[in-house]
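In the two complexes below, chain A is the common chain; its partner is chain B in one and chain C in the other.
Entry: the complex of A and B
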């Protein structure tokens, strides 16, 4: 069972397909859950503390906005842990403020730099593409199971 | 700032989405209760949220998937059910993250189609729906923009 980073990190479809085909999806929920379940100082609206931007320094330089570094404190360890990644590019639900947008760019850059096997595709827009989408993900994940390069 | 005492420590929460002509979220909840064995189940408009010990949740999820494998989709959730930082009972309006789910929910029937095709075992397509390359900014248009600004 490989650990597969999914992008968009909140994607229902990718999370389901990766788990369905026998691997562990690494998405935003895992990082958030870890923080939600750790006792500390309350920092609404999330259990994000001023420590996070400091931890994010491992992934982004000090002059990068703290919002990006704070987010990378969640995603960075997941990217390090990942053994493969499935990326849906042009996902219209993956948008947000500048913090989110720049973090998304940094996530994609970090994944591509990491050298792990990556599958890039786009969301299906019809039944035919739905078949292609599922088949491509299954083939990619099966190759991971076989220990081959995806 | 106040001390933060987390709830539901050591548990996992998962979303269950049902997009089926054969089963409503209410029916799914009733069937899930029959096999829940101490897992907290919350019915929602799109399916369920299940919370409990990881092993118990995994076992329940395996059962739930078997009800209608091609129409039930599952993903992790970071927050436990009813968390005041996310629950719309406290915030009003759509829960943060709901709109992303809503967007992907509309694509689920393509994924169902793909899963059914995979199940039938026909010849699977070799190509994935590939992301198209966005055209760059035309150099003449860039010059026009510069001229307009200067």
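Entry: the complex of A and C
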């Protein structure tokens, strides 16, 4: 079982696909769950305190907006942990919405720099593309199970 | 006890900057409550197209859609707080355009602010207080017809602005001066 970073990280469909094909999806739910399950209500709704943007300095420079650094404090450790990634570009908002385009650029850059196997797909726009989309993800994840690089 | 002032929050990034609670606390301390205008997903793309500002960040699209919902009267509010991350160029454009758009198309008072992770409730307090005061005392502060000459000066940390009003016409040709 490989740890697969999903992009958009908030996509429940992508998370479900990765889990369904036997791998562990690394996405927003994992990072946020860790924080909101901690006792206390220091900083609702996400329990992200001003400490998070400071931790994000590991992934982005100090002149980068605090929202980007705060997001990177969640996604950065997951990217470090990831053994593979599935990236879906030009996705519909309903498929998974990450909020900040600058963070998205940094996440994609970090993933491409990490050297892990990556599957990059465009969001499907019709049924036929949808079938090919799922098949490509299945093939990539199956190859990971076999120890290949997809 | 008077009714709480309902402030609609249009923002990008405060939860991830760790300052959302500071916004809640600042509002609470001036007898206001902050809420996020509810809109449908379909409204987002429609609003962005209607507004005419093609931004990449989904949270900024959401801000625009929520701003337009307020202007269209789909959501009731007494005032609007617009907040985005300091140093984000895309957000600064949206923040300033909404700051201009909402008062031009509605009677809602607006306050905007660009925050960092160091922003505290104390920093936001003066803005929230101004917003709630305008919302509560609109009848006293609003001047539909103006007679005589009135001058207003706003001296801030980096610039000083001045406007002179004479019989409902304003004049501020080069009223902004940097303090020495």
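One rule holds for everything that comes next: the second predicted complex is superposed on the first by the 140 of 150 C-alpha atoms of A that agree within 3 Å, B and C clash if a C-alpha of one lies under 4 Å from a C-alpha of the other, contacts with A are read in each partner's own complex, and residues count from 1 in each chain.
Here is the rule we go by: contacts are C-beta pairs under 8 Å (C-beta built on N, C-alpha and C of every residue); 3 or more make two chains touch, one makes a residue touch a chain.
No experiment lies behind these values; they were computed from the predicted model shown.
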With both complexes overlaid on chain A, does A:121 touch chain B (first), chain C (second), both or neither? first
Does chain B (first) or chain C (second) touch A:48, or do both, or does neither? second
Per the contact definition in the header, classify A:101: touching chain B only (first), chain C only (second), both, or neither. second
Contact breadth on chain A, by residue count: chain C or chain B: B
Check the residue A:93 against both partner chains and state whether it touches chain B (first), chain C (second), both, or neither. both
With both complexes superposed on chain A, which partner does A:64 reach: first (chain B), second (chain C), both or neither? second
Shared contact residues on chain A for chain B and chain C? 42-46, 93
Listed in rising order, the residues of chain A that touch chain B in the complex are 8, 10-13, 15-17, 19-20, 25, 27-33, 35-47, 89-90, 92-93, 119-136, 138-139
In their shared complex, at which residues does chain A touch chain C? 42-46, 48-54, 63-71, 74, 93-94, 97-102
Interfacial residue positions of chain C with respect to chain A in the complex: 12-21, 24, 41, 44-45, 55-59, 61, 84-88, 90-91, 115-118
Residue positions on chain B within touch of chain A in the complex are 1-6, 8-13, 15, 17, 65, 73-80, 83, 85, 97, 99-101, 103-105, 107-115, 117-118, 124-125, 127-132
